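Labels run A, B, C, D, E, F, G and H following the written order; every chain starts at residue 1.
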Amino acid sequence: MDERRLRELLEEVASGQLDIEQACARLRNLPFEDLGYAKVDHHRALRQGFPEVVLCQGKTCEQIEGIVQSLHKSADVILATRATADIFACIQALIPEAVYHEEARIIQIGEPPSQSASIALVISAGTSDIPVAEEAAVTAAAIGARVERLYDVGVSGLHRLLGHQELLDAAAVLVVVAGMEGALASVVGGLVDKPVVAVPTSVGYGANLGGIAPLLTMLNSCAGGVAVVNIDNGFGAGYFAAMLCKQLG
Amino acid sequence: MDERRLRELLEEVASGQLDIEQACARLRNLPFEDLGYAKVDHHRALRQGFPEVVLCQGKTCEQIEGIVQSLHKSADVILATRATADIFACIQALIPEAVYHEEARIIQIGEPPSQSASIALVISAGTSDIPVAEEAAVTAAAIGARVERLYDVGVSGLHRLLGHQELLDAAAVLVVVAGMEGALASVVGGLVDKPVVAVPTSVGYGANLGGIAPLLTMLNSCAGGVAVVNIDNGFGAGYFAAMLCKQLG
Amino acid sequence: MDERRLRELLEEVASGQLDIEQACARLRNLPFEDLGYAKVDHHRALRQGFPEVVLCQGKTCEQIEGIVQSLHKSADVILATRATADIFACIQALIPEAVYHEEARIIQIGEPPSQSASIALVISAGTSDIPVAEEAAVTAAAIGARVERLYDVGVSGLHRLLGHQELLDAAAVLVVVAGMEGALASVVGGLVDKPVVAVPTSVGYGANLGGIAPLLTMLNSCAGGVAVVNIDNGFGAGYFAAMLCKQLG
Amino acid sequence: MDERRLRELLEEVASGQLDIEQACARLRNLPFEDLGYAKVDHHRALRQGFPEVVLCQGKTCEQIEGIVQSLHKSADVILATRATADIFACIQALIPEAVYHEEARIIQIGEPPSQSASIALVISAGTSDIPVAEEAAVTAAAIGARVERLYDVGVSGLHRLLGHQELLDAAAVLVVVAGMEGALASVVGGLVDKPVVAVPTSVGYGANLGGIAPLLTMLNSCAGGVAVVNIDNGFGAGYFAAMLCKQLG
Amino acid sequence: MDERRLRELLEEVASGQLDIEQACARLRNLPFEDLGYAKVDHHRALRQGFPEVVLCQGKTCEQIEGIVQSLHKSADVILATRATADIFACIQALIPEAVYHEEARIIQIGEPPSQSASIALVISAGTSDIPVAEEAAVTAAAIGARVERLYDVGVSGLHRLLGHQELLDAAAVLVVVAGMEGALASVVGGLVDKPVVAVPTSVGYGANLGGIAPLLTMLNSCAGGVAVVNIDNGFGAGYFAAMLCKQLG
Amino acid sequence: MDERRLRELLEEVASGQLDIEQACARLRNLPFEDLGYAKVDHHRALRQGFPEVVLCQGKTCEQIEGIVQSLHKSADVILATRATADIFACIQALIPEAVYHEEARIIQIGEPPSQSASIALVISAGTSDIPVAEEAAVTAAAIGARVERLYDVGVSGLHRLLGHQELLDAAAVLVVVAGMEGALASVVGGLVDKPVVAVPTSVGYGANLGGIAPLLTMLNSCAGGVAVVNIDNGFGAGYFAAMLCKQLG
Amino acid sequence: MDERRLRELLEEVASGQLDIEQACARLRNLPFEDLGYAKVDHHRALRQGFPEVVLCQGKTCEQIEGIVQSLHKSADVILATRATADIFACIQALIPEAVYHEEARIIQIGEPPSQSASIALVISAGTSDIPVAEEAAVTAAAIGARVERLYDVGVSGLHRLLGHQELLDAAAVLVVVAGMEGALASVVGGLVDKPVVAVPTSVGYGANLGGIAPLLTMLNSCAGGVAVVNIDNGFGAGYFAAMLCKQLG
Amino acid sequence: MDERRLRELLEEVASGQLDIEQACARLRNLPFEDLGYAKVDHHRALRQGFPEVVLCQGKTCEQIEGIVQSLHKSADVILATRATADIFACIQALIPEAVYHEEARIIQIGEPPSQSASIALVISAGTSDIPVAEEAAVTAAAIGARVERLYDVGVSGLHRLLGHQELLDAAAVLVVVAGMEGALASVVGGLVDKPVVAVPTSVGYGANLGGIAPLLTMLNSCAGGVAVVNIDNGFGAGYFAAMLCKQLG
């Protein structure tokens, strides 16, 4: 319910078209659809600039189908993240134009109306970090950001990164995806004058603690301009980066 | 052994019906049945207002069967939580009227003698939190509370919750079930003047740490009137809420 | 802003007494007073049954004075917790009838209009846990609960607790305050059929981890009906217990 | 050393003005000044859009003076964070125009050449979070962002926040500063379609774990578009937000 | 190499039967058998009163067979802990008189030469803790302690424990095995004047943290005379208890 | 209340000397003295073989004085642990024969009636661990154990320990006190066939984590027969060791 | 790009053979091969003395094949660690001379040109630690170190280690691999005057915390000259040790 | 007791100069001096190549004086680490030639007989890390290593490090000291082919967790050849590095 709708409602009250009980009730009801197990949020696109995204993890196939169908009524683009091939099979049967980004584990339906000129550059430290990096890249692109990729440029061979300074400088925002010790975020943060969204991954073993080590590294970054999202949360970083790109145009 | 039985015993001693050795022995023996692997506590209903509940996790089918059969002799309602479909099959073969609440993973035998007028409202933040919420709801209902449900009203779309203020106000106690960051408990705590029992769930990934993140969130709630149970402990919250409702009537 | 005020506002709109712009604005504005560093919430008493409580820790004397003076305009009872003697000196100079509960570290202004018949029993495991227990007891009493105390009855000498079964049975809700290993909450939970609000304290050393040990103990309680608040949060437990007593009358 | 300087150097080599040994050496040397205990980075302004910021914590007065004097030669604006009043006294004796933002604990020398039109909105959950919020606000303003403040709007009294939706909508980026359970970041994230930089603070006690609780809350935020900086790192959030505003203009 | 052997060696040197190089070498060599992957310690029985025990976890069947065969040459009793049924099949093929204690997951070969008069009482809090309790009981018995068992007497139904005070008083040492919150160790510690060896188990979920919760509970026990072994380490507790019983006779 | 007193009471009921109400009441009352802030447990000596020990930490001087005076009526030996010199001054004014073991921070009043023949050997790894070792040694001696000391024999110079094998062999129980990495407990455990009570200390820095490192080391000891008490809990280890020695005579 | 190549390039610029644009570009490009998912680092051998090692964990078979083939063009020796038998089958099909060290889970292609005279001694505490020890030994040997092995010499039977003092003294560097409590590293560190590289393993259970316990033990070692690598990181320790041996010759 | 002394002893036995009892006794006694609170280890120089180092933290002035005087009899160089100015005053009164390295907090008595040709390069990330770096540098020099320093070259301004590649290449071993996120160790590890000893420092705040963050970073380093010592353990790193340099000459 936006400002305009609120004024209309009050005008209907003022003109007597709507009685007070009805107005009271309507002011309490904002547009969401109740599926019982889920309250699908149809005006999130108005409020947040992008429709609700379905996190598949922990939901049954039936629940995902129900939510996707409900969103399909009103949304330009629908994303379902952490989707297995089985879930994609269900969704594709329902909505044949659905696309599966396998490495990113994302189901996408529809395309964004436009693409930003400003670039979100997604960087990965190692080959094993690519699935998370792809989750970020696919998400950002689906929301309308122009996305570039730079993979396997970890700090143990610094020249691989330093050789791409031009690409680093061209980006409006950088998403740095790294597991192990996660030092790449600090190094990139020291090389650019743009915001860096750091994504720790659970790639590693032992004292990596399932991604806690790179998470702490990134939170303690000595370089300015680095903010961090949850471990393996490529989606969150891509979403954040796309929000910036869309503001910049 | 309650107060009345103690007086009777002492009267038997006073009247010489019971000699001192026997009295000594009986004062040491309180009513529980020893199955070897379990000491079934038949007077818990007297002491705690509800019979012993069987936590199936970590027990063999044979052990659960033995305990349920022993409880069946004296209890109005029996609950077996964290029960798989396999365990239900065993129990149903034994006690055909047993009912399986699949989403809640609870086996229930019998019904509570009465239902409270006061309401325990069970709220879930997301769709994935529903199994834990159902464990709370089924437990509370089995003990005799009137239960209402409000699911998928997490803080990322606050209007879904704010649209149900009336329901929030009607409850005598609220159970808030939330994973991810668990912020819903604080928000609900700030909207009502009733006790809130918060249940963190292990829904999430990475820095969620298997539910530690929402647990800490709820323990640090800036809203008054929020108390917390263990991660995924829907049973505990439902039990606590029902205790309140039964006192209120 | 309560239901009644909303109806009045809409009636003013319907009758033309209030124009739409003003109504829009007023619907956005709920009653709080902005002190710059604090937004004092004057209708919390309506919404939550008790005025905002001032947590002194981390606030300057000037800030506390400002907030207390602002609350003083509308509240029956004001509580300022974690208050040092110095802070009390400031407040007393301002409001001479202020009372300082030294052991509980609480400043209280005013008295609750009535006291519940139902009892909140505050139990402490050891002598060192008494300050937190007193914070709970003073808070609950200030909100209007009838409070009883039972101190130094830890599990290393179980008979001290078992000797008070009558008092345990008389309570409508029990607050159990314990540091060290915090086992008292489980033991009390097994002896009563009433809700137990457990408060871990930071009393202990080494593997106590500043109260984490009793916190975990209480969260994992094998007794039903135990819910937990933050370490040393006597206030939270007292507030929660008083909410129950006030509902029960 | 920027692109232009590299070309000039190579042209000098091509023209024979510079011999190869000298060119080799110069390509190795980038401009920093070596104070022994510190290597002051004079071309960071070129590389990162803002001069090196001095974190006073852990440095002696003499070291801070040396670094500030060295930076003073080339920088428009100098910031020294986590500065005590004593450190300010030292610096002011050296550079009289230095200004001390007491609540933010920041020493500022000079003003940014321009201010962005886009707004960085700094929000605090409680009164005790204001020092960290001020660190963010002063930092962002010093770098050239237009800053607005909205303090003490925590989730326990949600209407205090909801009453400022207009201000939320006006911001290009929001910095949310919260201790205790840190739920405010998720709530704000659900109300806006702009990036939210969340700052957990160490305000709280017990299971707050020195800010770990709100840190985890924010990392697990169920709202999209939330990224997180270190506990109490107001500087980092302000710097990140200003980078966005400066790109937007 | 014991005292007697050392004297003999020095006597051989004194008498010229052994030259100095040989003596040097022999003083470096103590009796163990080198299997390449394991150095079997044949004189541990002399040094520690019981032969080396084989922890099967993490070893291949071949390695376990080799070690058991090597020990079989010199040991009265051999224990292999954490043994699966598959491992038992291997060992039984080799040494037909081997016995498998299924619940305790222990393979035993041989019997202790005698049994102590003093009692090691093994207590379990719940039914699910029995496998660990059995590991303790079987171990203690195999080393020569007289073992009694008292299972499923957790603190949520205290009378189950209090009803066995006589058995508690008869024990020379008590092994208390408990998961969940592990409060039983403190309660038992407060009821007896004998040493209590506490074994936390990983039975539980959520904030149980795989047994860390009862481990901390037991370490912080407010009752004197409680010492703790590793989570699920029934073997260690049984071994410790048996050492006491054997000293007492 | 012991068995004998129970029989007497029942005999009085049988003979009519005691009416039922009185008997009921008395069965509820076990002997402890209520000081308000403390319930002093006078029959602990009967139940546990040693009177209640006063942990001074967290108690006021007045509280400690009250408890000590109450215990002084019935106890042979009184111990007050973690006592500062100030607390000793208070106690000495009250009870002039009180003795202060400064390094152990223990106040002792009275002597044990007898000393065991069997030896409790207290071993410290380093010089800095001595205060905790002394707490163990003084406690064990006060309860009646014969105590020997072996200090500064950490594993970095193994010969210092190996040179005392005879002393190790003479002990009935060994208390090993070690900070840093705590490896000494495992090494001692491998050299003896007697129970080892390990005490981790908070001596160390960094990844020592206030004693968590040696605590974990000791819990994971690969040597059999090692049980562990809380960090810096010399008292607990001395108490445990003395219980063994007193059983052995 | 080494020093020599840089001079040549600058000489070509000086002589006009290379224009400035080309020189600029080339200075930005260092030799790595871009496979899309990986940037293979061909000059690491020059920079680090050994080619890039492939960590197989988290990579697909296709990715590993691609990287190995790319490295095969220029490297003397290739190592692929954490390789399963399936991965070896893929690689062997491609490069038949590849060898699989099964226990070490390493695929090796080629042999080092020479072997050092100085010895890297790899010591394991238990049989279960051998896979990690073998990873260290195979790695060190593949890089050119002379490797000796000493396995199953944990501290619970100290004489097994003390009997090999001669071997300890012969080593130039020692790699100590230990799980459980990891005390072996301190003991070895106290016996030698050479650097000790300690490798904690995840062998153990409960409070071992997946190797955190021995990791902390080793970091807190009271013996000088002990440095630590990640849990189960045999590769890292072998690599480190070989670097030393190669310097020593 | 070295090999030569052992032979002599055995020869005395063979020749009848020493009887067997005496030989037995002497073989048990290795040379350390027992001060009661400390067993000073005089033959550590033989066994470990450097005399015992006194860690002052946790010791009284009297204890330190005693140990230093005892060591002074036999040692070339004595180091006392973590020494305050007060401790230095005590020691200087005793041994006037003692020198105090203030920044390193080390007292040094005597000089090493020779200095290695190979270089230990000590690198610090920031100015605040210098005290720990100095502890490493002074220690390594005192043991006989040639030491070079490179301070304040953290990754946020990478050119400061890259400008010193020549110095990096000249070192035989590198000690990298870094707090905050500790990324410098990985970056240095990727630039050199020599062993890197990484020292995390407790410099930082919040999620730095007192140095745990850089510790984890360094343990998870993606660069080969990095080993780690305890947080703030400059001494340990300097000792380790010097051991390498002394072997290399």
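Please note the rule applied: a residue touches a chain if its C-beta (ideal position, glycine included) is under 8 Å from a C-beta of that chain, and two chains touch if they have at least 3 such contacts.
Keep in mind that this is a model prediction, so the values were computed, not measured.
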>> Under the over-half criterion for shared residue numbers, do copies chain B and chain E use the same patch or different patches to meet?
In response: different
>> Nearest whole angstrom, what separates the Cα centre of chain A from the Cα centre of chain G?
In response: 38
>> From the mean C-alpha coordinate of chain A to that of chain H, what's the distance rounded to whole Å?
In response: 49
> Residues of chain G touching 2+ other chains?
Replying inline: 157, 190-191, 206-208, 212, 215, 219-220, 224, 230-231
>> Touching pairs of chains, all of them, please.
In response: A-B, A-C, A-D, A-G, A-H, B-C, B-D, B-E, B-F, C-D, C-E, C-F, D-G, D-H, E-F, E-G, E-H, F-G, F-H, G-H
>> Applying the document's contact rule, which stretches of chain G touch chain D when the two form their complex?
In response: 6-7, 10-11, 13-14, 16, 20, 23-24, 27
>> Going by the contact rule set out above, which residues of chain C touch chain F in the complex?
In response: 126-128, 130, 151-153, 157, 159-160, 162-163, 165-166, 203, 205-208
> Which residues of chain H touch chain F in their complex?
Replying inline: 1, 28-30, 32, 36-39, 41, 44, 52, 55, 57-59, 63, 67, 200, 202, 210-212, 215, 230-233
> What part of chain D is in contact with chain B in the complex they form?
Replying inline: 125-126, 154-158, 180-183, 186-187, 189-191, 204, 206-209, 212-214, 216-224
> chain B touches which residues of chain C in the complex?
Replying inline: 47-50, 53, 172, 190-195, 197, 215, 219-220, 224-231, 235-237, 239-240, 243-244, 247-248
